[in-house]
Amino acid sequence: MEKVFRDPIHGYIYIQDQIILDLINTKEFQRLRRIKQLGTTSFTFHGAEHSRFGHCLGVYEITRQICDQFQRNYPKEIYGKDGWDDSERLVTLCAALLHDIGHGAYSHTFEHLFDTNHEQIGIEIILSPTTEIHQVLTQVSPDFPEKVAAVIAKKYPNPQVVQMISSQADADRMDYLRRDAYYTGVEYGNYDLTRMLRVMRPYAKGICFKEEGMHAIEDYIVSRYQMFMQVYFHPVSRGMEVILQRLLERARDLYDQDSHYFKQHCELLVPFFSQRYTLEDYLALTDDVLLTYFQLWTKAKDPILSDLACRFINRKPFKSIPLPSQLDQRKLRGAKVILQKIGYNPTYYSGLNDASDLPYDIYRSRIHHPRTQIELMRHDGSFFELSTKSEIVKALSGETIIDRRFYFPREMVKPTQTLEQNSEILRFQQWIQQTLDRNVTKL
Amino acid sequence: MEKVFRDPIHGYIYIQDQIILDLINTKEFQRLRRIKQLGTTSFTFHGAEHSRFGHCLGVYEITRQICDQFQRNYPKEIYGKDGWDDSERLVTLCAALLHDIGHGAYSHTFEHLFDTNHEQIGIEIILSPTTEIHQVLTQVSPDFPEKVAAVIAKKYPNPQVVQMISSQADADRMDYLRRDAYYTGVEYGNYDLTRMLRVMRPYAKGICFKEEGMHAIEDYIVSRYQMFMQVYFHPVSRGMEVILQRLLERARDLYDQDSHYFKQHCELLVPFFSQRYTLEDYLALTDDVLLTYFQLWTKAKDPILSDLACRFINRKPFKSIPLPSQLDQRKLRGAKVILQKIGYNPTYYSGLNDASDLPYDIYRSRIHHPRTQIELMRHDGSFFELSTKSEIVKALSGETIIDRRFYFPREMVKPTQTLEQNSEILRFQQWIQQTLDRNVTKL
Amino acid sequence: MEKVFRDPIHGYIYIQDQIILDLINTKEFQRLRRIKQLGTTSFTFHGAEHSRFGHCLGVYEITRQICDQFQRNYPKEIYGKDGWDDSERLVTLCAALLHDIGHGAYSHTFEHLFDTNHEQIGIEIILSPTTEIHQVLTQVSPDFPEKVAAVIAKKYPNPQVVQMISSQADADRMDYLRRDAYYTGVEYGNYDLTRMLRVMRPYAKGICFKEEGMHAIEDYIVSRYQMFMQVYFHPVSRGMEVILQRLLERARDLYDQDSHYFKQHCELLVPFFSQRYTLEDYLALTDDVLLTYFQLWTKAKDPILSDLACRFINRKPFKSIPLPSQLDQRKLRGAKVILQKIGYNPTYYSGLNDASDLPYDIYRSRIHHPRTQIELMRHDGSFFELSTKSEIVKALSGETIIDRRFYFPREMVKPTQTLEQNSEILRFQQWIQQTLDRNVTKL
Amino acid sequence: MEKVFRDPIHGYIYIQDQIILDLINTKEFQRLRRIKQLGTTSFTFHGAEHSRFGHCLGVYEITRQICDQFQRNYPKEIYGKDGWDDSERLVTLCAALLHDIGHGAYSHTFEHLFDTNHEQIGIEIILSPTTEIHQVLTQVSPDFPEKVAAVIAKKYPNPQVVQMISSQADADRMDYLRRDAYYTGVEYGNYDLTRMLRVMRPYAKGICFKEEGMHAIEDYIVSRYQMFMQVYFHPVSRGMEVILQRLLERARDLYDQDSHYFKQHCELLVPFFSQRYTLEDYLALTDDVLLTYFQLWTKAKDPILSDLACRFINRKPFKSIPLPSQLDQRKLRGAKVILQKIGYNPTYYSGLNDASDLPYDIYRSRIHHPRTQIELMRHDGSFFELSTKSEIVKALSGETIIDRRFYFPREMVKPTQTLEQNSEILRFQQWIQQTLDRNVTKL
């Protein structure tokens, strides 16, 4: 008998296979409850405190609905190689559910600093006999974990299955846009999901859309673009991200000098500082652990560590100015010199942060990870690529958007310092005026 | 004490002036309840049966909210000529409420056939001493009707007032996008109204937006574009519109031959057939009257009149094919000849229908009705025009979108005729295949 | 291939049988577009201009979802007589779609005056060989129209089918609550439909609910109660309804004296005035026809007919006072005498209007139309009736709520008359003060 | 210039006073981001991961809207002692914002175990010169913290101010119902907030409602009742709460035997184990800290501590059976004996959990904390109490609802044990059958 989870985005998540329920009940999957979906974004949009757990259920649910629609309207038995093979259903659903299983706390920042990779770790979780996930999956068949991993790694032979999970219009994106819009309270992410699912169809090379659905997909591409511009790129969230990055860097640097303090007070981070972490170490490091350590560090003796920890815990984001994306980094030296004079170590008290996204692209055979372009099928069975008909998508296509910003302590734009400092702050503000990218909107 | 109307779009409509309440209670305003906002669109989107009454209240409410925000944040007393003069409030609210007062039944089609003009008639309603609207307005001051009319005619001296009601980002559009999306049940019209109202501000030359609001406005432009593509241009609604047009043409043509029938059975239309209508005649001709006449006509002796009336009343839209927008009209002759052979008078049983919209444009001084371009204000007080920064808006800017379609009886694509007819129908379908614009999506 | 209708309440209406699509395309069903779902309610809640067409589609869609859920979770093959027999699907869906097919313009008022009955007429439409509805239904089998009619008449042998369409928790109510709430913009009708559909299940005697769904059903009962109290009983809408009633009565009375005027100007009403109407006459009388006639009557010579028509067309509702429900009608004589003195014929210018509803009741074998009580099934298969466990439902159970009001011209509470009249108006207001039911909330 | 926070419930939170912004930016207020609003509820409703931060902003926003409405419609200048004194605005807003400032991690469970009290601590935070909150408040005036504290402690002289924050229809409840409904995804909490705010008005003794709003308030009372029944009382969330309680008890008991382990691994809890905590200790103990400790404890040597920690971290709730509320606790002994035999220490592996709520009550002068009953004002200025007119509220009034459940390891209802254990499990299940309260719905 089917089981349901109440979900604010999809109404209900329908679980119809015992194997899916067992996967959700593993400790590796439950761990996703302790990792925020949007990292530091909730410092800007306070409603967005949701975890990766709900998103993973949502991707599963959208995938389930696609499978149902395909089986109802385009079964392999009738459509042949352009149809959907329902024996792929379970592997597809498992891959949908597990596609983000390798994510850790503040992945974006953390991966950059400690050279971890959530996709590789995800595969490892699925394949390692030590995990509960693996043990559930092997109940289906001994090679089932490999198959699920292959879908996530985009190496599975059936392109329909792969593209349902990973493409420019996949269940992953479809869920996170709606979900993140819901929790932040913005409306940009509200494209027409119902219609998009309806106009989707399988074909021999993967998944395409019926031509009458073109505007629904266009709308979705714009929604995604708007969410990046308005939510994911928000300068204030990134001002918290830069602090997070500097704080972890400072801790790592201090560990090299005095590992004792960290071994005593933040044992779960030590494997990463010492670059010898196991899968188990990785799985233990959830948001709450980092937050607890940061709170302890607010009392640390090292003034930089404690100051940065306070800024993170008490939400005092760095301020920023937008920079031209091609900026010569040497131009930032002047600013760093001023910071140093005032007493801020620029290594930890400044930062260049690039937010970038390529909203849509056609397939480019020569590049490293070419994208699967969005194909639309005409009534006569012929195809056209989305950006050849949509002026809007064409305008967003192939152009990586980069928002480059220089971050520094907020005190630099507030006149609350001693007189001597004030003259330096004045110079800093003059530097800002000269450097500011007049082409970018937000300060 | 304020009075409220419950509204599904805005929660409540707040009425704070007796004059506004009196205007709503006039018979000319109540008449808007009997005119559908979207004409034949409810034949495609069955939920969209709302009348112009609610939309007019909605435009009023958005305008009221803008006035409040302006007065709270940008009062003239502080901002001088870049500020809002709250003594303009009442004239602005009245103009907002009355901007569509001149609309009649199926305006789009009707105006085309009978050479009426809802904007001119709107002005006339406001200025004519015979109307209740005029009588209410003169209570404010003898020249108040003139002032309200001037706002609607875009001749009022204060550009802030004019642009709030009529510009590319005015209260009219803001309301209808949300309202039409709500009633049709599509999501395209759901741009971020709350944020858009928040980033709007007055300045010396009218109304502009704060630069951080750029993406909210971009979103709104795309929403509007999508509503045109997906809802307002829908080929099936237009298939009903063509029938409506042909039906009224047939009646007018018959009137010239036999006015007796029409004088007896549809007296309220006679002034339009005979091209001698008064304001009172115009105000009497609401949707219900036309629908009643059409229903009577289903029993008319003239086979074309009764057949077209049946098609309209029982919703049997003409079918269509998309055509290249530059199509030489002579190419349609072949189709008309076939129609004639089968027994359809092509004058009444075919039609070319162009749906067109210019989603956004910059100000062009040389054209007849130049648009007020959307200006954004930077933090330093300088301005830039929307499409110079938004790639999406640039892609939609200055290009009129035309969807040209050729309409014909749905029987032409259904094999339900006699054998002889079938061979002609086959030829018709071949003609379709040759003519079809492969660049346009929907059949 | 399935076809969909976009619907603001359910997202999409899914049509999966040709017979359903054909029914929708009949002229009798299309006619529902010209009959408002809520009659005069849109005079109070301006958003509620929706027609019966959308509601009928909605009842169909909810029924379709129930059938799907039953077939998925409780098929007859497994559950025997407690299971769902999917061969009943089509007759159930047709009955759901057609359950309101007999409704006419302003049914409530009209039926009362002209002794029509929308349920009987609905059956007639289904059974009469002259209708398109009948012709479509007979394509299934010769006795299919009879079967569909039996479901609507609650005489069909399978109680599951009957209760899905007609019971205290049926698809009809489930749709109209959500739909009317959506269009009016109130929130009372927003019970948890998704959960309610989920906890519903078939059993030998009809349809019941799983015990864990008790609060969802309780919520639905309260929602329905609130919609009656706040929307359907609204005194202002009823003030328009009383005018409508008096207006039609006046016309009917005048017809007896001077049938010529009516034969000339409102031929479609004549069969009802003369009490000799056919099914065809009934089907022609939609909202638009009545509205057109009322508009013509605003110019009638009879002062009462024209005045009442103006009040209806221009929305000038009668005012009212609440009365104790057991009020002796003789007490109203005093008021009528005053009205007469001022110059209002009390036959047409006053009215007693009772709004009543029984929110919930248990099955009572002795009464004429006993209700099917709502049963909940425990995990062990035993049953209990809803009001035995829910204190809230018990509080609403078995008690018919009556809101009795006395209506009169609004001028009676506005001091805009001549001096002489004013003294009578003063007496009228004193009468109001004495008569007013202090136990009822709204004036 | 006003500042806004985007909020999914209210659209925007409007900050119009620097003092409010400064309060939000204090570390004590930012700390609320690390405390979930609904504790263990997100284990059942995965969407409900929101923190107390957003709720506190929401209560502030509703209060702000009430103040605005009162000042617009019922200013003291006109209404005298029945009017609103706008000089109370700032103290009211601060109290609204800070009413929950004393909450800690899993308050419900924690307070019970460690004898803390979030209301007292809230007052302390406001009054203690060591906190940033206090320092901000004293900027208004030296006695301002006392005034804010008095409002929260319900000792402030102006009853309108007190009742806006604390009564049976206060801003606190109005926000949490909507917010918790939004995040859980259920619809029960969606009463008509807009209308309720509209019908609210001040009077000499506090806050009342206009009589025409009675059904809106009734709806709100039912909403609240439903949220308790369906969400807050959910047996599965309480199954996690019982584990949490037993886990902390086990740790505390172990601390008495071996404090070393805890001093080393969970220093922030030690002050509570040793019953010598300061305000600073309390403020450091947020959800993330407890979660981190629980994760560390999964590796603890003590088998009970590690097992319970695993159950909590990996979401393995205790199962339960409903019990009659008057149950003699001795009846549970049998169950505990069986648990002991199987090897579960019943002190830590079973639990009685009462969820109780009094949905509404009239004022009762003799009881300890009498409630402020909800008064409705008639048009003539007289009053009546809500439950005298509303049958629904009367049905819920004065009756405390208690859902008493007995919790035990889920293994007791799953046959996955050794044979010997199985016989005991069988006996346990027999015991369940005998004890089960047949009057309560959920297992």
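Order as written gives the chain letters A, B, C and D; numbering starts at 1 within each chain.
The working rule: a residue touches a chain if its C-beta (ideal position, glycine included) is under 8 Å from a C-beta of that chain, and two chains touch if they have at least 3 such contacts.
Just so it is clear, the model here is predicted, and its values are computed rather than measured.
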(request) Going chain by chain, each one touching the next, work out the least steps from subunit A to subunit D. (result) 1
(request) Please state whether B-C or A-B has more C-beta contact pairs across its interface. (result) B-C
(request) Express in whole angstrom the distance between the two chain centres, defined as the mean CA positions of subunit A and subunit C. (result) 51
(request) For subunit A and subunit B, let me know how many angstrom lie between their CA-based centres, rounded off. (result) 42
(request) Express in whole angstrom the distance between the two chain centres, defined as the mean CA positions of subunit B and subunit C. (result) 32
(request) For subunit B, jot down the residues that touch at least 2 other chains. (result) 11, 186
(message) Taking the touch rule as given, give the residues of subunit A at its contact with subunit B in the complex, in rising order.
(response) 186-188, 190-192, 195, 211-212, 214-216, 218-219, 222, 225-226, 229-230, 378-379, 389, 391-392, 394-396, 399, 438-439, 441-443
(request) Using the touch definition up top, name the residues of subunit B that touch subunit C in the complex. (result) 5-9, 11, 25, 27, 30, 33-34, 42, 45-47, 49-51, 53-54, 57, 182-186, 284, 286-289, 291-292, 295, 310, 313-315
(request) Would you tell me which residues of subunit A are touching subunit C in their complex? (result) 1-2, 4, 11-12, 72-73, 194, 198
